[in-house]
Amino acid sequence: MPADVRLAEAPFVPDAEIGAFARAQPQAGGLVSFTGQVRVDGPAGAGDVEALELRHYPPLTLPGMRALADEALARWTLTGLLIVHRIGVMLPGDPIVLVCAAARHRREAFAAADFAMDHLKSESWFWKREKRGGLWRWVEPRAQDHADLSRWQNARA
Amino acid sequence: MPADVRLAEAPFVPDAEIGAFARAQPQAGGLVSFTGQVRVDGPAGAGDVEALELRHYPPLTLPGMRALADEALARWTLTGLLIVHRIGVMLPGDPIVLVCAAARHRREAFAAADFAMDHLKSESWFWKREKRGGLWRWVEPRAQDHADLSRWQNARA
Amino acid sequence: MTIKLVFLGRLEDLAGAGEMLLPLDEPQALPAILAGLPADLAAALQGPKVKLALNGALLPPGAEPVLADGDELAFLPPVSGG
Amino acid sequence: MTIKLVFLGRLEDLAGAGEMLLPLDEPQALPAILAGLPADLAAALQGPKVKLALNGALLPPGAEPVLADGDELAFLPPVSGG
(Lines give C-alpha, C1' and ligand atoms only; values in the text may rest on other atoms or scores of the structure.)
Protein backbone atom coordinates (compact mmCIF):
# COMPACT_ATOMS: atom_id res chain seq x y z
CA MET A 1 0.00 0.00 0.00
CA PRO A 2 1.79 3.19 -1.09
CA ALA A 3 1.13 6.36 0.87
CA ASP A 4 -0.40 9.40 -0.81
CA VAL A 5 2.01 12.28 -0.11
CA ARG A 6 1.50 15.72 -1.59
CA LEU A 7 2.61 19.33 -1.43
CA ALA A 8 -0.26 21.75 -2.06
CA GLU A 9 0.51 25.15 -3.54
CA ALA A 10 -3.09 26.34 -3.18
CA PRO A 11 -5.71 25.98 -0.43
CA PHE A 12 -7.17 22.50 -0.04
CA VAL A 13 -10.35 21.29 1.68
CA PRO A 14 -9.48 18.84 4.47
CA ASP A 15 -12.92 17.30 4.84
CA ALA A 16 -13.10 16.57 1.12
CA GLU A 17 -9.69 14.87 1.33
CA ILE A 18 -10.74 12.96 4.45
CA GLY A 19 -13.92 11.76 2.79
CA ALA A 20 -12.14 10.54 -0.34
CA PHE A 21 -9.50 8.85 1.79
CA ALA A 22 -12.12 7.13 3.97
CA ARG A 23 -14.10 5.85 1.00
CA ALA A 24 -10.93 4.20 -0.31
CA GLN A 25 -10.41 2.34 3.01
CA PRO A 26 -13.27 -0.16 3.42
CA GLN A 27 -10.97 -2.65 5.16
CA ALA A 28 -10.10 -0.13 7.86
CA GLY A 29 -11.86 -0.25 11.20
CA GLY A 30 -10.48 3.09 12.31
CA LEU A 31 -9.39 6.29 10.60
CA VAL A 32 -7.59 9.13 12.33
CA SER A 33 -7.13 12.54 10.78
CA PHE A 34 -5.16 15.53 11.94
CA THR A 35 -5.74 18.94 10.40
CA GLY A 36 -3.48 21.84 11.26
CA GLN A 37 -4.75 25.27 10.34
CA VAL A 38 -3.68 28.87 10.72
CA ARG A 39 -5.26 29.95 13.98
CA VAL A 40 -7.62 32.88 14.11
CA ASP A 41 -6.60 34.59 17.34
CA GLY A 42 -10.01 35.99 18.18
CA PRO A 43 -10.94 39.66 18.13
CA ALA A 44 -8.31 41.32 15.94
CA GLY A 45 -5.27 42.54 17.85
CA ALA A 46 -1.92 43.96 16.86
CA GLY A 47 -0.09 40.78 17.86
CA ASP A 48 -2.22 38.45 15.77
CA VAL A 49 -0.90 36.47 12.87
CA GLU A 50 -2.15 38.12 9.71
CA ALA A 51 -0.56 35.66 7.33
CA LEU A 52 1.80 32.73 7.36
CA GLU A 53 4.19 31.62 4.67
CA LEU A 54 5.89 28.28 4.28
CA ARG A 55 8.94 28.10 2.05
CA HIS A 56 10.60 24.85 1.20
CA TYR A 57 13.51 23.40 -0.77
CA PRO A 58 11.94 21.20 -3.47
CA PRO A 59 14.82 18.74 -3.91
CA LEU A 60 14.51 17.74 -0.24
CA THR A 61 10.97 18.46 0.91
CA LEU A 62 8.76 15.96 -0.89
CA PRO A 63 11.38 13.17 -0.79
CA GLY A 64 11.67 13.76 2.96
CA MET A 65 7.89 13.54 3.40
CA ARG A 66 7.83 10.32 1.38
CA ALA A 67 10.57 8.83 3.57
CA LEU A 68 8.57 9.76 6.66
CA ALA A 69 5.47 8.08 5.23
CA ASP A 70 7.50 4.95 4.46
CA GLU A 71 8.77 4.92 8.03
CA ALA A 72 5.21 5.08 9.38
CA LEU A 73 4.12 2.31 7.01
CA ALA A 74 7.00 0.13 8.19
CA ARG A 75 6.25 0.82 11.84
CA TRP A 76 2.49 0.21 11.91
CA THR A 77 0.11 -1.97 9.97
CA LEU A 78 -1.92 0.57 8.07
CA THR A 79 -4.46 0.22 5.30
CA GLY A 80 -3.79 3.76 4.11
CA LEU A 81 -1.81 6.91 4.81
CA LEU A 82 -2.30 10.40 3.41
CA ILE A 83 -0.09 13.45 3.98
CA VAL A 84 -0.89 16.81 2.41
CA HIS A 85 1.17 19.89 3.30
CA ARG A 86 0.62 23.43 2.12
CA ILE A 87 3.41 25.67 0.90
CA GLY A 88 3.16 29.36 0.07
CA VAL A 89 1.18 32.11 1.77
CA MET A 90 -1.77 31.21 3.98
CA LEU A 91 -4.35 33.29 5.80
CA PRO A 92 -5.98 32.68 9.21
CA GLY A 93 -8.36 29.74 8.91
CA ASP A 94 -6.47 28.15 6.02
CA PRO A 95 -5.45 24.51 6.41
CA ILE A 96 -1.68 23.94 6.65
CA VAL A 97 -1.36 20.20 6.95
CA LEU A 98 -3.53 17.10 6.85
CA VAL A 99 -2.51 13.63 7.94
CA CYS A 100 -4.90 10.68 7.65
CA ALA A 101 -4.04 7.18 8.84
CA ALA A 102 -6.31 4.16 8.53
CA ALA A 103 -5.85 0.75 10.11
CA ARG A 104 -7.84 -2.30 11.06
CA HIS A 105 -7.39 -1.30 14.70
CA ARG A 106 -7.69 2.19 16.05
CA ARG A 107 -4.54 2.34 18.16
CA GLU A 108 -2.33 1.91 15.12
CA ALA A 109 -4.17 4.67 13.26
CA PHE A 110 -3.78 7.04 16.22
CA ALA A 111 -0.10 6.27 16.69
CA ALA A 112 0.77 6.62 13.01
CA ALA A 113 -0.97 10.00 12.67
CA ASP A 114 0.63 11.29 15.86
CA PHE A 115 4.07 10.06 14.76
CA ALA A 116 3.73 11.62 11.32
CA MET A 117 2.76 14.99 12.79
CA ASP A 118 5.62 15.05 15.30
CA HIS A 119 8.10 14.36 12.51
CA LEU A 120 6.53 16.68 9.96
CA LYS A 121 6.70 19.52 12.46
CA SER A 122 10.31 19.12 13.41
CA GLU A 123 12.12 17.27 10.64
CA SER A 124 10.54 18.42 7.40
CA TRP A 125 12.20 20.98 5.20
CA PHE A 126 9.83 23.88 5.78
CA TRP A 127 10.76 27.38 6.82
CA LYS A 128 7.91 29.42 8.21
CA ARG A 129 7.44 33.13 8.53
CA GLU A 130 4.58 34.97 10.12
CA LYS A 131 3.19 38.39 9.39
CA ARG A 132 2.18 40.35 12.49
CA GLY A 133 1.51 44.05 12.56
CA GLY A 134 2.42 44.20 8.87
CA LEU A 135 5.91 42.75 9.42
CA TRP A 136 7.16 39.34 8.35
CA ARG A 137 9.31 37.44 10.81
CA TRP A 138 10.91 33.99 10.53
CA VAL A 139 9.78 31.40 13.08
CA GLU A 140 12.58 29.69 14.96
CA PRO A 141 12.71 26.03 16.03
CA ARG A 142 10.89 25.16 19.24
CA ALA A 143 12.23 23.04 22.10
CA GLN A 144 8.82 21.38 22.35
CA ASP A 145 9.29 19.83 18.92
CA HIS A 146 12.38 17.99 20.06
CA ALA A 147 10.54 16.75 23.14
CA ASP A 148 7.74 15.52 20.87
CA LEU A 149 10.22 13.67 18.68
CA SER A 150 11.92 11.96 21.60
CA ARG A 151 8.63 10.19 22.34
CA TRP A 152 9.30 7.93 19.35
CA GLN A 153 12.96 7.10 19.94
CA ASN A 154 12.44 4.14 22.24
CA ALA A 155 10.36 1.06 21.54
CA ARG A 156 7.15 1.31 19.64
CA ALA A 157 5.15 3.88 21.60
CA MET B 1 -17.67 25.55 25.38
CA PRO B 2 -20.23 22.76 25.50
CA ALA B 3 -19.51 19.54 23.65
CA ASP B 4 -21.76 18.34 20.84
CA VAL B 5 -22.77 14.79 21.79
CA ARG B 6 -25.25 12.79 19.73
CA LEU B 7 -26.70 9.35 19.17
CA ALA B 8 -27.47 8.69 15.50
CA GLU B 9 -30.23 6.26 14.62
CA ALA B 10 -29.47 6.45 10.91
CA PRO B 11 -26.24 6.51 8.88
CA PHE B 12 -24.24 9.72 9.09
CA VAL B 13 -21.48 11.11 6.90
CA PRO B 14 -18.29 11.59 8.93
CA ASP B 15 -16.54 13.95 6.53
CA ALA B 16 -19.58 16.25 6.44
CA GLU B 17 -19.59 16.31 10.26
CA ILE B 18 -15.82 16.88 10.35
CA GLY B 19 -16.11 19.77 7.90
CA ALA B 20 -18.91 21.48 9.82
CA PHE B 21 -17.01 20.98 13.08
CA ALA B 22 -13.78 22.40 11.63
CA ARG B 23 -15.50 25.46 10.20
CA ALA B 24 -16.84 26.23 13.68
CA GLN B 25 -13.30 26.13 15.18
CA PRO B 26 -11.34 29.05 13.74
CA GLN B 27 -9.40 29.49 17.01
CA ALA B 28 -8.12 25.91 16.85
CA GLY B 29 -4.65 25.22 15.53
CA GLY B 30 -5.22 21.48 15.40
CA LEU B 31 -8.19 19.20 14.87
CA VAL B 32 -8.12 15.45 15.36
CA SER B 33 -10.88 13.16 14.18
CA PHE B 34 -11.42 9.48 14.72
CA THR B 35 -13.91 7.56 12.62
CA GLY B 36 -14.76 3.97 13.44
CA GLN B 37 -16.54 2.02 10.74
CA VAL B 38 -17.79 -1.50 10.16
CA ARG B 39 -14.88 -3.23 8.47
CA VAL B 40 -15.28 -4.83 5.10
CA ASP B 41 -13.26 -8.03 5.47
CA GLY B 42 -12.21 -8.29 1.86
CA PRO B 43 -13.39 -10.96 -0.58
CA ALA B 44 -16.60 -12.35 0.93
CA GLY B 45 -16.03 -15.29 3.27
CA ALA B 46 -18.25 -17.25 5.60
CA GLY B 47 -16.67 -15.73 8.70
CA ASP B 48 -17.14 -12.13 7.66
CA VAL B 49 -19.35 -9.68 9.50
CA GLU B 50 -22.51 -9.22 7.45
CA ALA B 51 -24.12 -6.74 9.80
CA LEU B 52 -23.58 -5.22 13.19
CA GLU B 53 -26.17 -3.99 15.65
CA LEU B 54 -25.69 -1.69 18.59
CA ARG B 55 -28.36 -1.68 21.28
CA HIS B 56 -28.33 0.76 24.14
CA TYR B 57 -30.26 1.76 27.25
CA PRO B 58 -31.50 5.29 26.64
CA PRO B 59 -31.67 6.47 30.27
CA LEU B 60 -27.94 5.79 30.63
CA THR B 61 -26.32 5.97 27.22
CA LEU B 62 -26.47 9.62 26.20
CA PRO B 63 -25.98 10.92 29.79
CA GLY B 64 -22.91 8.68 30.02
CA MET B 65 -21.52 10.05 26.76
CA ARG B 66 -22.14 13.61 27.98
CA ALA B 67 -20.30 12.87 31.22
CA LEU B 68 -17.37 11.50 29.22
CA ALA B 69 -17.29 14.62 27.08
CA ASP B 70 -17.31 16.78 30.21
CA GLU B 71 -14.39 14.80 31.60
CA ALA B 72 -12.39 15.37 28.40
CA LEU B 73 -13.23 19.09 28.49
CA ALA B 74 -12.07 19.30 32.09
CA ARG B 75 -8.85 17.42 31.38
CA TRP B 76 -7.66 19.26 28.26
CA THR B 77 -8.01 22.78 26.96
CA LEU B 78 -10.17 22.27 23.90
CA THR B 79 -11.92 24.69 21.60
CA GLY B 80 -14.44 22.05 20.58
CA LEU B 81 -15.46 18.43 21.02
CA LEU B 82 -17.89 16.36 18.96
CA ILE B 83 -19.02 12.80 19.67
CA VAL B 84 -21.47 11.02 17.37
CA HIS B 85 -22.33 7.34 17.94
CA ARG B 86 -24.56 5.15 15.82
CA ILE B 87 -27.14 2.83 17.29
CA GLY B 88 -29.20 0.25 15.40
CA VAL B 89 -28.22 -2.02 12.55
CA MET B 90 -25.15 -1.17 10.43
CA LEU B 91 -23.68 -2.75 7.32
CA PRO B 92 -20.01 -3.12 6.34
CA GLY B 93 -18.60 0.28 5.45
CA ASP B 94 -21.07 2.16 7.66
CA PRO B 95 -19.61 4.60 10.19
CA ILE B 96 -20.11 3.59 13.83
CA VAL B 97 -18.54 6.42 15.77
CA LEU B 98 -16.97 9.81 15.17
CA VAL B 99 -14.95 11.81 17.68
CA CYS B 100 -13.53 15.24 16.79
CA ALA B 101 -11.40 17.27 19.18
CA ALA B 102 -10.02 20.71 18.43
CA ALA B 103 -7.46 22.65 20.44
CA ARG B 104 -5.00 25.47 20.05
CA HIS B 105 -2.19 22.90 20.24
CA ARG B 106 -2.19 19.55 18.54
CA ARG B 107 -1.12 17.36 21.44
CA GLU B 108 -4.25 18.24 23.41
CA ALA B 109 -6.48 17.45 20.44
CA PHE B 110 -4.79 14.07 19.94
CA ALA B 111 -4.99 13.15 23.62
CA ALA B 112 -8.63 14.14 24.00
CA ALA B 113 -9.76 12.16 20.95
CA ASP B 114 -7.75 9.13 22.02
CA PHE B 115 -9.13 9.36 25.57
CA ALA B 116 -12.71 9.70 24.36
CA MET B 117 -12.39 6.66 22.11
CA ASP B 118 -10.87 4.45 24.82
CA HIS B 119 -13.70 5.32 27.17
CA LEU B 120 -16.46 5.11 24.59
CA LYS B 121 -15.32 1.63 23.65
CA SER B 122 -15.19 0.22 27.14
CA GLU B 123 -17.43 2.26 29.39
CA SER B 124 -20.37 3.34 27.28
CA TRP B 125 -23.70 1.58 27.50
CA PHE B 126 -23.68 -0.18 24.15
CA TRP B 127 -24.26 -3.84 23.53
CA LYS B 128 -23.08 -5.09 20.18
CA ARG B 129 -24.05 -8.12 18.17
CA GLU B 130 -22.60 -9.27 14.90
CA LYS B 131 -24.18 -11.26 12.12
CA ARG B 132 -21.88 -13.86 10.55
CA GLY B 133 -23.04 -16.70 8.36
CA GLY B 134 -26.60 -15.53 8.88
CA LEU B 135 -26.42 -15.85 12.67
CA TRP B 136 -26.45 -13.03 15.22
CA ARG B 137 -24.05 -13.33 18.14
CA TRP B 138 -23.42 -10.95 21.05
CA VAL B 139 -19.91 -9.54 21.31
CA GLU B 140 -18.26 -9.98 24.70
CA PRO B 141 -15.98 -7.48 26.46
CA ARG B 142 -12.34 -7.52 25.41
CA ALA B 143 -9.33 -7.52 27.73
CA GLN B 144 -7.64 -5.00 25.40
CA ASP B 145 -10.27 -2.41 26.27
CA HIS B 146 -9.30 -2.53 29.92
CA ALA B 147 -5.64 -2.17 29.00
CA ASP B 148 -6.55 0.85 26.88
CA LEU B 149 -8.44 2.41 29.78
CA SER B 150 -5.60 1.92 32.23
CA ARG B 151 -3.49 4.27 30.11
CA TRP B 152 -5.49 7.17 31.51
CA GLN B 153 -5.55 6.27 35.18
CA ASN B 154 -2.30 7.90 36.17
CA ALA B 155 -1.27 11.49 35.62
CA ARG B 156 -2.30 13.29 32.51
CA ALA B 157 -1.02 11.02 29.74
CA MET C 1 -49.60 -2.38 40.10
CA THR C 2 -47.13 -3.09 37.29
CA ILE C 3 -43.36 -3.00 37.04
CA LYS C 4 -41.15 -3.20 33.98
CA LEU C 5 -38.00 -5.31 33.69
CA VAL C 6 -35.54 -4.38 30.91
CA PHE C 7 -32.97 -6.87 29.57
CA LEU C 8 -29.93 -5.71 27.65
CA GLY C 9 -27.47 -7.60 25.48
CA ARG C 10 -27.51 -11.37 25.69
CA LEU C 11 -30.00 -11.20 28.57
CA GLU C 12 -32.60 -10.16 26.03
CA ASP C 13 -32.08 -13.40 24.11
CA LEU C 14 -32.45 -15.40 27.31
CA ALA C 15 -35.59 -13.53 28.30
CA GLY C 16 -37.04 -13.79 24.79
CA ALA C 17 -37.81 -10.07 24.79
CA GLY C 18 -36.18 -6.77 25.63
CA GLU C 19 -38.83 -5.89 28.19
CA MET C 20 -41.22 -7.69 30.50
CA LEU C 21 -44.19 -6.15 32.30
CA LEU C 22 -45.01 -7.83 35.59
CA PRO C 23 -48.18 -7.31 37.62
CA LEU C 24 -47.57 -7.12 41.35
CA ASP C 25 -50.06 -7.23 44.21
CA GLU C 26 -47.77 -5.20 46.41
CA PRO C 27 -44.23 -3.79 46.34
CA GLN C 28 -41.72 -6.61 46.23
CA ALA C 29 -38.00 -7.00 46.80
CA LEU C 30 -35.82 -8.23 43.95
CA PRO C 31 -35.39 -11.85 45.17
CA ALA C 32 -39.17 -12.37 45.25
CA ILE C 33 -39.47 -10.98 41.73
CA LEU C 34 -36.67 -13.17 40.41
CA ALA C 35 -38.30 -16.21 42.02
CA GLY C 36 -41.22 -15.80 39.65
CA LEU C 37 -39.02 -15.95 36.51
CA PRO C 38 -37.69 -19.01 34.67
CA ALA C 39 -34.77 -20.45 36.62
CA ASP C 40 -32.13 -20.00 33.88
CA LEU C 41 -33.13 -16.37 33.35
CA ALA C 42 -33.19 -15.66 37.08
CA ALA C 43 -29.71 -17.16 37.42
CA ALA C 44 -28.33 -15.07 34.54
CA LEU C 45 -29.88 -11.88 35.93
CA GLN C 46 -28.02 -12.49 39.20
CA GLY C 47 -24.66 -12.97 37.47
CA PRO C 48 -21.80 -11.21 39.29
CA LYS C 49 -21.13 -8.87 36.36
CA VAL C 50 -24.73 -7.81 35.81
CA LYS C 51 -25.40 -4.25 36.94
CA LEU C 52 -28.79 -2.86 37.84
CA ALA C 53 -30.42 0.45 37.04
CA LEU C 54 -33.64 1.50 38.78
CA ASN C 55 -35.67 4.08 36.88
CA GLY C 56 -32.62 5.02 34.83
CA ALA C 57 -30.14 5.36 37.71
CA LEU C 58 -27.37 2.84 38.32
CA LEU C 59 -27.59 1.03 41.64
CA PRO C 60 -24.50 0.29 43.74
CA PRO C 61 -23.30 -3.34 43.70
CA GLY C 62 -25.27 -5.55 46.06
CA ALA C 63 -28.30 -3.24 46.20
CA GLU C 64 -31.58 -5.08 46.77
CA PRO C 65 -34.25 -2.72 45.51
CA VAL C 66 -37.90 -3.01 46.40
CA LEU C 67 -40.02 -2.42 43.32
CA ALA C 68 -43.35 -0.66 43.36
CA ASP C 69 -45.88 0.43 40.75
CA GLY C 70 -44.35 2.03 37.66
CA ASP C 71 -40.77 1.15 38.51
CA GLU C 72 -38.40 0.15 35.73
CA LEU C 73 -35.50 -2.15 36.60
CA ALA C 74 -32.84 -2.71 33.92
CA PHE C 75 -30.37 -5.60 33.91
CA LEU C 76 -27.09 -4.54 32.28
CA PRO C 77 -24.54 -7.23 31.41
CA PRO C 78 -20.95 -6.16 30.62
CA VAL C 79 -20.84 -3.89 27.59
CA SER C 80 -19.29 -5.14 24.38
CA GLY C 81 -15.68 -4.44 23.52
CA GLY C 82 -14.13 -2.43 20.74
CA MET D 1 31.20 28.41 -15.48
CA THR D 2 28.35 29.30 -13.12
CA ILE D 3 27.20 27.95 -9.80
CA LYS D 4 24.00 28.63 -7.92
CA LEU D 5 23.72 29.30 -4.20
CA VAL D 6 20.30 28.83 -2.57
CA PHE D 7 19.38 30.49 0.72
CA LEU D 8 16.51 29.22 2.83
CA GLY D 9 14.63 30.79 5.73
CA ARG D 10 16.20 33.82 7.37
CA LEU D 11 19.33 33.36 5.24
CA GLU D 12 17.28 34.58 2.29
CA ASP D 13 16.63 37.87 4.05
CA LEU D 14 20.33 38.28 4.80
CA ALA D 15 21.29 37.50 1.21
CA GLY D 16 18.59 39.75 -0.17
CA ALA D 17 17.39 36.98 -2.51
CA GLY D 18 16.58 33.29 -2.44
CA GLU D 19 19.19 32.46 -5.04
CA MET D 20 22.48 33.82 -6.24
CA LEU D 21 24.27 32.91 -9.47
CA LEU D 22 28.05 33.17 -9.26
CA PRO D 23 30.44 33.05 -12.19
CA LEU D 24 33.60 31.07 -11.49
CA ASP D 25 36.82 30.84 -13.49
CA GLU D 26 37.52 27.37 -12.21
CA PRO D 27 36.06 24.93 -9.66
CA GLN D 28 36.38 26.36 -6.18
CA ALA D 29 36.13 25.05 -2.64
CA LEU D 30 33.50 26.49 -0.32
CA PRO D 31 35.80 28.78 1.74
CA ALA D 32 36.96 30.56 -1.40
CA ILE D 33 33.37 31.06 -2.52
CA LEU D 34 32.31 32.40 0.87
CA ALA D 35 35.26 34.81 0.86
CA GLY D 36 33.66 36.57 -2.09
CA LEU D 37 30.38 37.24 -0.25
CA PRO D 38 29.51 40.06 2.17
CA ALA D 39 31.09 39.30 5.55
CA ASP D 40 27.82 39.12 7.52
CA LEU D 41 26.27 36.75 5.02
CA ALA D 42 29.38 34.57 4.88
CA ALA D 43 29.38 34.35 8.67
CA ALA D 44 25.72 33.35 8.81
CA LEU D 45 26.17 30.72 6.11
CA GLN D 46 28.89 29.11 8.23
CA GLY D 47 26.70 29.00 11.34
CA PRO D 48 27.00 25.71 13.26
CA LYS D 49 23.34 24.80 12.66
CA VAL D 50 23.33 25.50 8.92
CA LYS D 51 23.23 22.34 6.83
CA LEU D 52 24.37 22.08 3.23
CA ALA D 53 22.82 20.29 0.26
CA LEU D 54 24.78 19.89 -2.97
CA ASN D 55 22.62 19.33 -6.03
CA GLY D 56 19.70 18.31 -3.84
CA ALA D 57 21.57 15.87 -1.60
CA LEU D 58 22.37 16.66 2.04
CA LEU D 59 26.07 16.80 2.84
CA PRO D 60 27.47 15.35 6.07
CA PRO D 61 28.45 17.91 8.73
CA GLY D 62 31.86 19.43 8.07
CA ALA D 63 31.89 18.59 4.37
CA GLU D 64 33.86 21.09 2.26
CA PRO D 65 32.50 20.67 -1.22
CA VAL D 66 34.31 21.89 -4.31
CA LEU D 67 31.84 23.54 -6.68
CA ALA D 68 32.01 23.30 -10.45
CA ASP D 69 29.92 24.45 -13.36
CA GLY D 70 26.18 23.91 -12.87
CA ASP D 71 26.38 22.94 -9.21
CA GLU D 72 23.67 24.08 -6.83
CA LEU D 73 24.59 24.52 -3.17
CA ALA D 74 21.74 25.13 -0.70
CA PHE D 75 22.20 26.61 2.78
CA LEU D 76 19.56 25.21 5.16
CA PRO D 77 19.14 26.84 8.57
CA PRO D 78 17.17 24.96 11.27
CA VAL D 79 13.59 24.37 10.17
CA SER D 80 10.79 26.22 11.90
CA GLY D 81 8.86 24.71 14.76
CA GLY D 82 5.26 23.67 15.07
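Each chain gets a letter, A, B, C and D, in the order it is written, and its residues are counted from 1.
Just so it is clear, a residue touches a chain if its C-beta (ideal position, glycine included) is under 8 Å from a C-beta of that chain, and two chains touch if they have at least 3 such contacts.
Note that the structure is a prediction, hence the values are computed from the model and not measured.
Undergrad: If each step moves to a chain the current one touches, what is the fewest number of steps from chain A to chain D?
TA: Counted as steps through touching chains, the separation is 1.
Undergrad: With chain centres set to the mean of the C-alpha atoms, which chain is at the far end from chain B?
TA: D
Undergrad: At what distance in angstrom does the C-alpha mean of chain B lie from that of chain A?
TA: That gives a centre separation of 23 Å.
Undergrad: Would you mind pulling out the distance in Å between where the CA atoms of chain B average out and where those of chain C do?
TA: About 28 Å, centre to centre.
Undergrad: Centre to centre, by mean C-alpha position, how many angstrom separate chain A and chain C?
TA: 51
Undergrad: Scan chain C for residues touching two or more other chains and write them down.
TA: 82 - these are the residues of chain C that touch more than one other chain.
Undergrad: Which positions in chain B are in touch with at least two other chains?
TA: Those would be 106, 148.
Undergrad: Chain pairs in touch?
TA: Touch list across chains, by label: A-B, A-D, B-C.
Undergrad: Quick check on the complex: what are the chain A residues that touch chain D?
TA: Where chain A meets chain D, its residues are 55, 57, 59-60, 121-129, 138-142, 144-145, 148.
Undergrad: So in the complex, the part of chain D that touches chain A is made up of which residues?
TA: Touch residues, chain D against chain A: 6, 8-10, 12-13, 18, 53, 55-58, 74, 76-82.
Undergrad: Once bound in the complex, which stretches of chain A touch chain B?
TA: For this pair, the touching residues of chain A are 13-16, 18-19, 22, 26-37, 39-42, 92-93, 104, 106-107, 109-110, 113-114, 117, 148.
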